[in-house]
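Report on the following structure.
All chains are identified by letter, namely A, B, C and D, in their written order; residue positions are counted from 1 within each chain.
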Amino acid sequence: MESVGSIIVYVVIALTIVICSVFAVTTRKILRAATYLLFTLFATAALYFKLDYEFLGAVQIAVYAGGIVVLFVFSILLTSHPGDNSAKLASRKRALGLTGALLLLIVAGYSLVSRCNFWSALPQGENPPMSEIGETLMGTAHGQYLLPFEAVSVLLLACIIGGVVVARKNKN
Amino acid sequence: MEPVIPIIILALPLAMFLVLGLFGHKMAHRTAGILGTLGMGVTMVLAYITAFTYFFSGSSEFINEEGIRLQSVIFNWDWLAFTDSLVIRLGFLLDPISALLLVVITTISFMVHLYSNGYMRDHHGVWETGFQRFYAFLSLFSFSMLGLVVATNIFQMYIFWELVGASSYLLIGFYYTKPSAVSASKKAFIVTRFADLGFLIGILILSFYTGTFDFTNFTSVGVEGMTNVYQIDLTTSEGVRNWIATSPAPVFMGGSVLTWALVLIFMGGMGKSAMMPLHIWLPDAMEGPTPVSALIHAATMVVAGVFLVARLFPLYLMEEVALNIVTVVGAITAFYAAMVACTQVDIKRVLAFSTISQIAFMMVSLGVARPEFHHGLGYMAAMFHLFTHAMFKALLFLCAGALIHAIGSNDYTDMHGLRKYMPVTHITFLVGCLAIAGIIPFAGFFSKDEILTAVFGQSIFWYIWMSAVAGLTAFYMFRLYYLIFWWKEHKVHEGHHAPHDQPWTMTLPLVILALISCVAGFVPMGNLVTWNGHPMFESVNFFTNLGALDWSVASISLAVAIIAILIATVMYKKENPLPAKMKNALPRLWDWCYHRFYWDELYMFITHKIIFGCISKPIAWFDRHVIDGSMDGMAWVTQRISYAIRGLQSGNIQLYVWIYLFGVVLLGAITAICLF
Amino acid sequence: MFSNLLIYFVVIPLLMLAGFAICKNIRQVRAVAVAGSILLMGLSVWVLCDYLALRAAGNMEEMLLRGEWTWFEPLNIKLAVGVDGVSIAMLILSSIIVFAGSFASWKIDDARHFFMWLILLSTGVFGFFISIDLFTMFMFYEVALIPMYLLIGVWGTGRKEYSAMKLTLMLMGGSAFLMLSLIGIYFHSAPEGSQLTWNILEISQNASISTGWQYFLFPMCFVGFGVLGAMFPFHTWSPDGHACAPTAVSMLHAGVLMKLGGYGCFRVAMYLMPQAANDLAWIFLILTGISVVYGAFSACVQTDLKYINAYSSVSHCGMVLFAILMINTTALTGAIMQMLSHGLMTALFFALIGMIYGRTHTRDIRLMGGLMKIIPFLGVGYVIAGMASLGLPGLSGFVAEMTIFVGSFEHTDMFHRVFTIVACCSIVITAVYILRVVGKLLFGPVQDPHHAELTDATWWERLSVVTLIVSVAAIGCFPNFFESLIRFTFSPEIFHAIGLN
Amino acid sequence: MELTILWYLIPSLLMFCCGVYGFITRKNMIAMLISLELMLNAVDINFVVFNRFLFPGELEGMFFTLFAIALAAAETALAIAIIINVFRVSEKIDVDDVTKMKF
């Protein structure tokens, strides 16, 4: 049995996620879309906190909400002219998007509802201690992630270089 | 006999061909001519030695104690082994007919070589272009023809058969800038090729069922105690027949396999010997230089068909049907050609048709020959006629060449009354005419008489038929003779000098051949050449032939010939309206004869309209449009489909995503539905 | 590896390629090409002598001079080489044609690259003939096909892109079938449970392909190779391809590459699947019988010299497959003889056509005439080639055709008889179209006054033509040597299909 | 009321569908990128939720999410670099204008 406070927290988070997502993809001002995205990400982070993944929530806030959204905002400012709104959607396009999304929703929702027969409550779990996370990330044994970690770091490096190269102004 | 001389007989002309062909254009014309003539002269001498040795040496290789002439294989080299037994060998078979043919071929060939030295240059002594090439081809022809007659097996014969065809092609087309010569050479080759197809299939049948190519295995048995010496023996041929009769599938479409084989082989002979209906190439072949006509298309190559039948004669004896076909084809051809010869204007054409007619005589003679009747008199008569005909027909052609050389035209309408200007030609031509007409004592009389006797012994109907042909022969030859040398006086064209006799190189062969034509009839052929080697007479002297005549037949044929000559004299000696009247009396017949019964038109129709128009063109069209079209069509369809689905690759990422999503949802839906 | 003589058939061309890469001018290119092709000729003669010596010493193995080097262990793919009389005959043929082809393309544009592709092609050809490993064989087969696209597409004339594309696509289509069947053969190459192999000798020894599978694989394999052998109705790449290809490529293609088809048909299809070969031969016999006559008739009305020759190749190559399908020693021997003969004389034809075209700039026989007077050497060469083609004794065509006919006639049933006679008829039709061309092209009056100033063959052209004529005459005059070389392969003990027949 | 796994998955699914809708309908490439982030985020949530509910003692899902976040960061940075470059060339960042990368 869940405590009422927990349910309220859940409801707030879920509503924020859903509403902000919808607004993020429907608003015509691009900067607002980025802002709604930010809220969604925060709500996601809150969800992680609620599920006792504090480290992950922190990372979510730091990288996603802090880093990526800022990147978005900067790029929006770089690429849009003042007062520029997204053009009105053609109805054909909207219909296309709606059918796609709704179909997905129906199929996935149906299978979710019909298949999720493991109605278990939230099992008792603890917030994984930081040392365990660190060891798992840095270890080389089975179930430890040094190699992916290194791969991601190389990827990030490549990404930095790629970003610089692509975005660099051409001399001519 | 040592194989040295036979090898040289074959090798020398071949060497001459290679030398003249490869280096001829670097030689002077005269050198080339002398070289070629000398080469042929040596070959002739060697051939005479060989033939003389064969006939008269009395060596046990060539004649046994009973006086039966044997077949002797001088050498026989493996050339190509298909299987252990089916081996093509190149060899040298010496027997009566090959020895006879060796003499005939080398004699005529030498005469022609000699004659061409004069003929192949104009009145100012300027050599014909390609003179060396001409001699090279002549040598090639002589080589091939000699190889043909000495063949030890049927495939060797086929090989040289093809080679003579090719050299004939080259020589007919010697004046290759002349379109008519080119088409004539083409026609000759293709028509004979068609006939050779029959020959080839015949060989295949025969060799498949007998497992051998060798003539000696078809017709002869080996002589005990000697290697490579054989005697003609009917039991062998009977053995072949019985063997085939017991083999699988002995009957094919109603005829026995042996009949089919022999008829098909005879078809090859019909092509080469210009029997109806495969005769159409020979008159056109006169486009070649006249010495070539004399050598190839009168004396030697065209009798190859006769030689072929004679070579396989014991086998033919096994199949009455095949021999009857030979007879009928020969008789019809003889009559047809004689009819046509009466109307032709071109003197070489007259001679060509006369040749066809005379070869048909030989065929008939072979067709009626039976061992029961005078030891196969017909066979001997055919060979005899082959020999005498070669001599006098070569003579006639060489005379015609002399006339053409002097006048510059082939038509008798441009000649008339030449007897005073060209006396030597006149006399020799007359000798030739008398010989072919069958006037005693010229060569043709004896041989033709033997043929008629042989025919008489077999069938009265064909006897009357062939006598009529003999009469026609005398008539058209004398018609030709009078129209060339008499009719009206020759008018000398302005700016032309009067025609005159030719240089000695041309005269000498004429005279020699005329002399031979006078005396050749007295050669006691019955003792030299018979189908099984048995001599016909106990002993021989110069008058044997005369004594052996069957006067009941001879007097009739002589009378027919003389009457025909008289008619010709009346009609053509002086310019008179009789020929025109005759022509008007029978316009349809004359027209048909003049147009050679429209055979050429028929063939033109078949080749151009049917083969080219109805087979080749549609096939080519089919290939381009249906076969190729279907391949192109496949390519076209592929391309169309590619273009059609190219629109999906629009570059619009959102569309891609939608399609992808749709697919995912679809799969998900299917999974969801199927699992629950 | 390099102690095996055969491997040099691949090594020398590869060295030549390297040589071309460093050549600076056309003289060096020619020098490399000529030196290489002479080396190859010498090598093939050496191999021949070696082979004859081994046979004379009593070595009765199926293939001699064998060698094997693994290059992909998991699938048991090896570079396995070995030769018998047939392969040696083919090697000699190829080296002669490469030699003559080098001289025929003396003045080609961009010689360096041209020769590089040409030699790459011949690497494939030589490799194909020495391989006895199916996979390697197929690889070399593809190596031989692909350069053709560039050679025709770049150095060709006329609608070259179209023709090159068509040729390549059709042959690739054939290869697709072929690959399927080769893989099929591989998976049935050994009895259940033992090591699978690509080696044709082992496959033949194992004889483990079941009859059902043979029925499935044989047609694919035969059609796959048959496309290259210009079998009706898959021949249409040939007229267009030949018409647009440059001289040396036509020579090599018609002379050697089309032989790959025939060679493959008997070496792979019939040799490895004897049962199916015997049972299904009749289907292909009908197709090839049609090929023979159909090609000949088509050639009768063509006006382009190369088309005439291409259709005549369809007819003659049809004869090769026709004879192969007769499945008896004589006919098979004849088929190989026909390959040799056709290879040489078609190469000769294409060389001459190329030389004539280089002078008159047309291949339409209606626009030419009387060339014999103007360019006698080429004219005589053409007549000799024509005579070889229509089967004049003393030249190669005759012996080949006669061997085929004699062999084919060994079947007594109506079906084979009829087709044999139909095939025989082609000799008449061949005479018709050959003489038609010769008459129009070389004889008669000169058609075009511009042609009167043409010059006769240069020394390199003469060399090329004379080489081929001598080879044609050599086969024609001494056929027994070649036939006995070839016949060994077709004894019933080795070639099982004959035994079953 | 029990907050079962389903309650966590439904918002995530809705978020994902919003992402899909946005990705298909948006013209602006940055807006599309935003939609993309929504989808990624929805997936991240799923990983975490499954990890937490089904395998409470393990850390796989969490780490997967961790790496996904890193990858998303990299991807966004690169995409934005490209977008800015496109903007330099064509002064627009509409996806309809960038259709040359076909055929």
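As a convention for this text, a residue touches a chain if its C-beta (ideal position, glycine included) is under 8 Å from a C-beta of that chain, and two chains touch if they have at least 3 such contacts.
The structure presented is a predicted model; accordingly, all values stated were derived computationally and were not measured.
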Which of B-C and A-D has more C-beta contact pairs: A-D
Inter-centroid spacing, chain D versus chain A (mean Cα positions, whole Å): 6
Centre-of-Cα separation between chain C and chain A, whole angstrom: 67
For chain B paired with chain C, centre-to-centre distance based on mean C-alpha positions, whole Å: 37
CA centroid of chain A to CA centroid of chain B, Å: 102
Two or more partner chains touched - positions in chain C: none
Residue numbers of chain B (touch at least two other chains): 654, 658, 661
Residues of chain D engaged with two or more neighbouring chains: 20, 24-25
Touching pairs - complete list by chain label: A-B, A-D, B-C, B-D
Complex interface listing, chain B residues touching chain A: 654, 658, 661-662, 664-665, 668-669, 671-672, 675-676
Touch list for chain A against partner chain B, complex: 93, 96-97, 100, 103-104, 107-108, 110-111, 114-115
Touching residues (chain side chain C, partner chain B) in the complex: 166, 169-170, 232-233, 235-237, 239-240, 294, 297-298, 300-302, 329-330, 333, 370, 372-373, 387, 390-394, 398-399, 402-403, 405-407, 409-410, 412, 420-421, 424-425, 427-428, 431-432, 435-436, 439, 442-445, 479-480, 483-484
Contact footprint of chain A on chain D as seen in their complex: 1-22, 24-28, 30-31, 33-35, 37-38, 41, 44-45, 48-49, 52-54, 56-57, 59-60, 62-63, 65-67, 69-78, 80-85, 87-88, 93
Residues of chain B touching chain C in the complex: 78-83, 86, 88, 155, 158-160, 162-163, 166, 169, 173, 176-179, 182-183, 185-186, 189-190, 193-194, 196-197, 200-201, 204-205, 207-208, 248-249, 611-612, 615-617, 619-620, 623, 627-628, 630-632, 635
